[in-house]
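As written, the chains take the letters A, B, C, D, E and F, and residue 1 is the first residue of each chain.
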Amino acid sequence: HYDKRCDEPQIGVVRGLAWTEVGGDTLSIEVNVMPGTGKFEITGQIGDVMKESARAAISYTRSISGSHNIDKVFYTNKDIHIHIPQGAVPKDGPSAGITLATAIISALSGIKVHNKVAMTGEITLRGRVLPIGGLKEKLLAAKRAGIEKVLIPIDNKRDIEKISEEILTGLTIIYVRNMDEVLKEALIKETKDASK
Amino acid sequence: HYDKRCDEPQIGVVRGLAWTEVGGDTLSIEVNVMPGTGKFEITGQIGDVMKESARAAISYTRSISGSHNIDKVFYTNKDIHIHIPQGAVPKDGPSAGITLATAIISALSGIKVHNKVAMTGEITLRGRVLPIGGLKEKLLAAKRAGIEKVLIPIDNKRDIEKISEEILTGLTIIYVRNMDEVLKEALIKETKDASK
Amino acid sequence: HYDKRCDEPQIGVVRGLAWTEVGGDTLSIEVNVMPGTGKFEITGQIGDVMKESARAAISYTRSISGSHNIDKVFYTNKDIHIHIPQGAVPKDGPSAGITLATAIISALSGIKVHNKVAMTGEITLRGRVLPIGGLKEKLLAAKRAGIEKVLIPIDNKRDIEKISEEILTGLTIIYVRNMDEVLKEALIKETKDASK
Amino acid sequence: HYDKRCDEPQIGVVRGLAWTEVGGDTLSIEVNVMPGTGKFEITGQIGDVMKESARAAISYTRSISGSHNIDKVFYTNKDIHIHIPQGAVPKDGPSAGITLATAIISALSGIKVHNKVAMTGEITLRGRVLPIGGLKEKLLAAKRAGIEKVLIPIDNKRDIEKISEEILTGLTIIYVRNMDEVLKEALIKETKDASK
Amino acid sequence: HYDKRCDEPQIGVVRGLAWTEVGGDTLSIEVNVMPGTGKFEITGQIGDVMKESARAAISYTRSISGSHNIDKVFYTNKDIHIHIPQGAVPKDGPSAGITLATAIISALSGIKVHNKVAMTGEITLRGRVLPIGGLKEKLLAAKRAGIEKVLIPIDNKRDIEKISEEILTGLTIIYVRNMDEVLKEALIKETKDASK
Amino acid sequence: HYDKRCDEPQIGVVRGLAWTEVGGDTLSIEVNVMPGTGKFEITGQIGDVMKESARAAISYTRSISGSHNIDKVFYTNKDIHIHIPQGAVPKDGPSAGITLATAIISALSGIKVHNKVAMTGEITLRGRVLPIGGLKEKLLAAKRAGIEKVLIPIDNKRDIEKISEEILTGLTIIYVRNMDEVLKEALIKETKDASK
């Protein structure tokens, strides 16, 4: 099934954990960065809260441009398209925030993302990671999709402690405070050039 | 009836299989590429999921421009109009994704499309082909329209195996994983110049 | 009554047959082409399906510009306004497609349109003429308006064969396959210069 | 009461007869033409049919620019604002068409309009005057407002013939076929320069 | 309470009388004029009728620019922001028209407005003052706010005559016909330079 | 919990008190100022009244640019993004006005904001602070979040006097009349350069 983790690390593709109509679910977030004039679009039946998360993720990325080989003026000479497949399934909520940011940063920097990692967490403009809900169902979905490591907001630690060992077995849980910690876990290494 | 396959291969016209108000149906997707400034429009009472599929198809096409004789900056010097006739019939869903991409690529490259081929499948920004629903009804519609060969997402293979021989007789089913495989089956050959 | 045919051939005015709130009806479609920057507007309480027909008619016209004395870059240096009088009567549906295209082409080329001709048919981007509904009521409306010749999609031929002789008496029915055939019947001759 | 006719002829102010929430009514249509870049706005709680009438009136005016001292490129170097006072009363319908055109032409040409004239009639892009409804109530409103002469579409002649002498006494009815006839009756004379 | 009259005359702040959810009320209309490119915005939960009044007030102001030290091309090099505080209270209706115009003209000209004056009246593009409703409640609100002089449309004179002496005591009523008369009463004097 | 006060003073982050779905609440308002072209966006499920407060806060800031090291033309060469976390919680009302202004001014000037201060109050274009509602609930929320000092509109003084000592204990209440007083309490000092 296509929602299983990707067979190998890719640029601009990150696995998120979110809520959709069918409950906890994994989402494969794809970002295309193309030469352009700063246009931004997001497709895949995305609700307004998730659209605002994407806007916050872009602003955060602008605030750190210059690092990670990200062109300082990418918002003037690139077009960015975020698409979340299964285009007929409505998706919403703030918990894809850090996944969106990671996918954007990977696409802009040309750095691959670990394919066995998934993540969930709201993002702020300063790159803080805020807690999210539905953690148990998201972890179950992650396991079904073959994920090995999951990045979780530090403020959800007490929720994890209430989840049964059976669910957690086979998953490495990493608590994250901010995007720096997310990127350290998710990006493979920073030896490549910017994608274009 | 106009929905029968075209009498001969054309540029920018591809036969899709989709759901409309009347069930499984064939759709004749037309793409006009005109000198312009990068405007895009889609008409034919197209729902928002299908519109997003068209956006994903265009982003995919931008990511492969340079190949297939597609002008690397077509999104700045061409206008693209996608129209799906029977303009009064509402059409929606993600399953026209690969058909939209094929019609756009044919129109931009000036390469004709086999007129006896139809196809169905969701497209991602990376050109992956995702599974779709309503396969039996779509195949029946294809046969009624005189189609000989149908391109199907590889992840729908198990659905095909459940469909009776009677329906499949006379149809050649080709399983596709990504747009490279779609284009290899659908485009006639790559010896023409870009359309303009 | 103003809906009777025009007293003499005009540029940019074509009689269509369509459905409105009051059933089969004739519509006098007017097109103004003005020096401008490529703006397009359509007025007269036009529904979204008819608006999309007008967009398809414009794209078709762009694809044949250069012929019929139509300026190759009219979409950059002309403004086009389509108005369908009786501005309080809602109008919709795809069957004005070929009428819209004929009026646009007449206005852009400066070629007059026969005033005793009416027409009905959906248009595609390639200029194909697709069948429409409500033919009997449309023919009755045409007769009431003093029309002598009606252009009908070839795929409606079998519908005509079911209509009583009494209704058809006095009307010359011309079956059309594509816009080339429509223009051959509707345009008076091609000896004038482009309107401006 | 402010709806009485203006005390003296003005530029860009024309009295129309239309339907509002309160039945047949006179409307004082004001047009400001200002140096600008071609922007157009209409205010006064105007419904979409009346807005489309204004668009048709502007296109008609563009088609006759050059005559009446109207700057040939006014749509690029002027801004036009149409306002219909009593801004809280919803107004709609096509019957203000020729009034809107007259007010626009007066404002653009700097030619004053007779203050004892009112008018009603739908306008087409070619300047034809189409018939309207509610004639009796509109004439009563005109008399209450002190109007002496009313311009009426020629196709409403038979409606006038059914209206009692008592109502018509004191009103001079002028039947008009097209905008040329409207302007001949409404504009005072053409000896002034364009307003700016 | 903040709705009391300002302690001293200000530029770009005018006291209006209008209807809100709570009945007759005073509104403190603030206008900021800033170096810019001609953008206009109005905030404060303003309904569409009041927004159109603001548009009419701006067009009127453009028609008199050059006088009152108002820059002739302010609509190209200034941005204008109108805000009416108590941002959570919906406000609508045409009766703030002359107040809006006075505040805009004060802000553009840099001329202060008398702080003990309030006003109510619809404005037209020509600067005429049209009558409004709810006069008694508005006068009561003016008195509560410490207003001493109120500008009223001349066509509301007969309404004033029906209001009891008790309400009118302490208020000076000035009847106004047009904006010239409004500005003569409201603006302090014209000896200052334009605000910027 | 993330809503506790920040651990140390930051630039462009200010704690507000407002109403959300859950009653009185603290809001952490973040502002990013980025090199750009004057675009403005606000995210976090913000209602229209709060959006208008942000517009008023920006206009106020434009009116004082030049002071506080704020670039006089920031509205042409910066993009501003305001985000209020907990992106799934709807937020509305005018009471975040002075908080929004403070966060914008901090981000534009590069001056840090005291992290133990929270504030609530409507803002006007002139920088006046207007009274707000729900004061008791907001103060309780402030205490829960570890706030030590709260800025309150002077016109809410009588509301404070009705609140029990128990609630007020541990909170320093500062009454403010205008933004000058707000900034004097909230900004740490003005010795830094503008942020970029």
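Here, a residue touches a chain if its C-beta (ideal position, glycine included) is under 8 Å from a C-beta of that chain, and two chains touch if they have at least 3 such contacts.
If you're wondering where the values come from, they're calculated on a predicted model, not measured in any experiment.
For the copy pair chain E and chain F, the superposing rotation over Cα atoms measures out at 60 degrees to the nearest 5. Taking each chain's centre as the mean of its C-alpha atoms, chain A lies 60 Å from chain D. For the pair chain C and chain D, the distance between mean C-alpha positions equals 30 Å.
In chain F, no residue touches at least two other chains. Taken pairwise by the contact criterion, the protein chains form one closed cycle in which every chain touches exactly two others.
Read around the assembly ring beginning with chain B and moving next to chain C, the chains appear as B, C, D, E, F, A. Of all the residues in chain F, the ones that touch chain A in their complex are 1-2, 10, 13, 28, 30-32, 34-36, 41, 43-45, 81, 83, 85-88. Residue ranges on chain D touching chain C, taken from their complex, read 48-49, 52-53, 55-56, 59-60, 62-63, 73, 75, 93-94, 97, 122, 124-126, 128, 130-131, 155.
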